[in-house]
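In what comes next, chain A is part of two complexes: it sits with chain B in the first one and with chain C in the second one.
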Partner chain A sequence: MEIFLDIFAGLGLFFVGVKLIGANLKQLTGKWFRGLMSAATQSSLRSSMLGLLSGALTQSSNAITFISISMVTAGLVEVAGVVPMVIWANVGTSLLVLVAAVDINLAVLFLLGVTGVAYYFDLDNKPHFRHGLGAVLGLSLLFMGLELIKHGSVPLRSVEGVADFLIFTASSYSLAFLIGVVLTMVAQSSATVTIIAVTMINVGLLTFDQTIAIVIGASLGSGLSIAVLTTNLKGIGRQIAWVQIAVKVVGVAIFLPVFLLETAVGLPGIKALVTVFTLHLASQVALVYLLLQITSAVITMLLCKPVMAFIERHSPPTDEELLSQPHYLYDEALEDAPSALKLVEREQARAFGYLPSLLDGVRADAALTMSAQALHVAGRSLIEQCDTFLAEIADQNEARDMLSEVFNLQKRNEILSDLFTALDDYVRTVSHIGSRSEDDKFVRLIFALGESLHAILDLGKDAFQMRDGDDLATLLDFTTDRSAQMDGIRRRVMSVGDISSGDHGVLYATTTLFERILWLTRRYGELTVEMTSAEAATA
Partner chain B sequence: MIEMSHEQRNGALILRPKKRIDSSTAKSFEEQANALVDAHPGNVVIDFSELDYISSAGLRVVLTTAKRAKAAGGALTLSGVRDNVREVFDVSGFAAIFGMHDTVDAAIAALQK
Partner chain C sequence: MTDAAQLKSIKLVGRLDTARVGEIETGFYAEVGFIKDKSDIAIIDLSDVSFLSSLGIRLLVTAGKTFSQRQLRFGVVASKSPDVMEALDISGITGLFRFFDSEEEARAGF
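So, the complex of A and B:
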């Protein structure tokens, strides 16, 4: 019982360690890492190096894959830029496997002692040290856990049932391969499973061949777990997931037949190769893991063009992703603030252009080319990107004129966000009406409100995107205060007397939202005029 | 393709679209209206007395026609709007901005003031 508890406690410490490292490094590297990613993904070599580094730091190629997916879908980096990083992150995960293969018991004890002393002196409360110290504690616990597993596993060989099981499974590579697949799908990390396997071979619980089968199985398990976790993804997100899956499949497709041939026929292969470098079994397994990752990465990089062409053909970007990509914002523009502000204004006008189509779901005369959901998500994404861009312009420039323009555009961003919310509310309210006769007076009123909103927003789209002064003036004419008019409509409809309580609610909500949308559009127009006038005065 | 007749009366161009102006007919209405406004620069009356349905696409064409008429030195107003489409013009603000008259003659008179 004590043996199993040792191993169980060791696994517990190991998993806590893995979690602590990941969580603290994520905090430590958040903003810095995002900046680094944007810069590094400009070149294939730098992107690969960043992959190596981030794989080594996070010990999870899956984590890097998901970070890449969120950054690409947020429009911060291009797919092509993150592909080398995703591929080489796998090689980065080998670092801990290599370290775990070496006996570093004394170093671990020292590290744990130093960490404990640092905690005793409250260094974990200091912002500069907190996350770094947390990561070191995680690393110490991880290795302590491995030591406990080793310690608990030594007497395990002499336990009767275990010995029989080991003899039974020693010749079954498929079972070991399957264990590698399943454990990795549970642990979400082939490096984690390999480290445990390395520990087991150190104490003689696994044979060399079994361990290699587990390592290869773990690679397939890692690919399968990404496939399972990304089944709900579409478009670009799925493209990146498929790149990672391709890396895993390539590795298994090369290493598994070579390993089987070497074991069955005795042809020199992986085992012969690693023996050249070291005779230490655990180190040999760690080398197999490293070779597997390097081979997969190199072959996938070489096949990158056809692989990407295949992936792009079978998972093209979704409407939402295409609409979310900024057309005008790019980092280099930040160097010239006046131009950067112009670009934000154009990007905002583009987001404004999504507004009329949000009504298409409740309009009879609509082509329905884009889903309202895609437009909504994409519009919000563009607004967020404009917001980030404006914050960076404000950080870099303190000139008063510049800040007043930044403030103007920030206000417009808020208005845009409110417009998206108001239109969403409007569509949801109108959806409650259901299908009725077109002759119904109430339906005719709702129709008039929807068509009017659409026409005015469409006019706004042209005015802001084309920067047309006449259209802008007309827009301001059309968006004057409508409270009296809407109040009159409410009274008129209510006076008919045969309106249901449901329709009463819809009437009140739609007319109020109509007023609000027009007021917000007018405010947006006024801010546009203000900035244009200020520019003309400066010129 | 929209059905539309036109005439000139007291120096104003009268456009009379029929039945429906929606996304499928708006383009042809716009093309015909543009060509006629270019050929007869000046005031324009759009007579909706034979129109049963107008959507946002139609409202947009009214706006572009008004812009074109203005560029040619004229103005635009509306006449003969039927009850079943009146609400669209009222709610959108077109009635208040362009003026809405019962007859073509009343519309021409308003433009000449």
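So, the complex of A and C:
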């Protein structure tokens, strides 16, 4: 029993260690990493190097895959830019496997002691040390866990039943391969499973061949776990997931037949190759893991074009992703602030252009051409990207004129965000009247509100995109204060007396939101006129 | 209205929904384009329009903009449909354009 508890406790410490390392390094590197990612993804070599580094730091290619997916879908980086990083992150995960293969027991004990002293002196409360210390503690616990597993596993070999099982499974590579697949799908990391396997071979619980089968199985398990975790993704997000799956499949497709031929026929293969470098079994397994990752990465990089063409054909970008991609913002534009501001204004006008279509689902006379959800998410994404761009312009320029334009555009960004919220509320409110007949007078009133609102927003869309003075003036005429008019409509409908409480709520909310949307559109128009007038004065 | 002034009316009828506006807009804008003499009075007759969509409202706004750029006198004959008038009222057009109950009233009004 004690043996099993040793192993169980060791596994527990190991998993806590893995979590602590990942969580703290992510905190430590989050903002820095995102900045680095935007810069590195401009070149394939830099992107690959960042992949190696991030894989080594997080010990999880899945984590890098998901960070890449979120950054690409947010429009912060291009798919082509992150592909080398996702591919080479797998090689980065080999670092801990290589370290775990070496006996560093004394170093770990020293590290744990130092970490404990640092915690005693409350260094973990200091912002500069907190996450670094957390990561070191995680590393120490991980290796302590491995030591406990080793300690518990040595006597395990002589336990009756276990010994029989080991003899029975020693020749079963398919069972070992399957164990590698399943354990990785549970642990979500092929490096984690390989480190445990390396520990087991160190104490003689696994044979060399079994361990290699587990390592190859772990690679397939990692690919399968990504496939399972990303089933709900579409478009670009799925493209990146498929790149990672391709890396895993390529590795298994090469290493598994080579390993089987070497074992069955005796042809020199992976085992022969790693023996050249070291005779230490655990190190040999770690080298197999490293070679598997490097081979998969190199082959996938070489096949990148056809692989990406296949992936793009089978998972084209979704409407939401296409709409979220900025048309006017690009990093180089930041070098010339006046033109960068113009580009932000054009991107904002593009986002404003999504607003009329948000109403299509609840209008009397509109075919739904685009999902309101996609327009909403994409609009918000563009607003966020404009915000980031404006912050960068403000950071780099201190001229007063420039800052007043930045402030104008920042205000417009806030208004845009409020408009998306108000339109979302409007659509949700109107959808309460469902599919009631147009014979209903109340329904006809709500439809009239919708058609009018759509016409005014459409007017705004054209005015902001064309920046035409007459159109802007017309828009301001159409967006004067409507509180008295809306109040009149409310009183008139209520005076009829046969309105239900549900319709009363819908009437109150739609007329109030109508007023608000017009007011926000007017504010946006006034700010546009303000900026065009200032430009005309300085021209 | 002076003797030299000519009232030129464009009559729209039926449901001005998205599909119908798509069908008539080229012809409508061509008719708008023909009214350019400063002595002309432009009238858009909506009396027999039974439904007005967002695109229908935009049709009127664009015509109004064209007439005002040409400095023409311009008016709209109101629809007999209360729903159409409600949509025009809510959109704000009734406060910006001159509305009349009939062509005769428009003729007398200018």
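To be clear about the criterion, the second predicted complex is superposed on the first by the 537 of 539 C-alpha atoms of A that agree within 3 Å, B and C clash if a C-alpha of one lies under 4 Å from a C-alpha of the other, contacts with A are read in each partner's own complex, and residues count from 1 in each chain.
Operating definition for what follows: a contact is a pair of C-beta atoms (placed from the backbone, for glycine too) under 8 Å apart; a residue touches a chain by one contact, two chains touch by 3 or more.
In this text the structure is predicted, and so the values were computed from the model without any measurement.
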| item | value |
| --- | --- |
| Superposition on chain A - do chain B and chain C clash or fit | clash |
| Which superposed partner A:Ser533 touches (first chain B, second chain C, both, neither) | neither |
| A:Asp365 touches, of chain B and chain C: first, second, both or neither? | both |
| Which of chain B and chain C A:Ser70 touches, first, second, both or neither | neither |
| Chain B versus chain C as contact partner of A:Arg444, first or second or both or neither | both |
| Contacts of A:Ser174 with chain B and chain C, given as first, second, both or neither | neither |
| Chain C-contacting residues of chain A that also contact chain B | 356, 363-367, 444-445, 448-449, 451-452, 454-456, 458-459, 470-471, 474, 477-478, 480, 482, 485, 489, 514 |
| For the chain A and chain B complex, residues of the former touching the latter | 356, 363-367, 444-445, 447-452, 454-456, 458-459, 470-471, 474, 477-478, 480, 482, 485, 489, 514 |
| Residues of chain A defined as touching chain C within the complex | 356, 363-367, 444-445, 448-449, 451-452, 454-456, 458-459, 470-471, 474, 477-480, 482, 485, 489, 514 |
| Interfacial residue positions of chain B with respect to chain A in the complex | 22-23, 54-57, 59-60, 63, 67, 70, 84, 87-88, 90-93, 97 |
| Residue ranges of chain C in contact with chain A within the complex | 17-18, 51-55, 57-58, 61, 65, 69, 83, 86-87, 89-93, 95-96 |
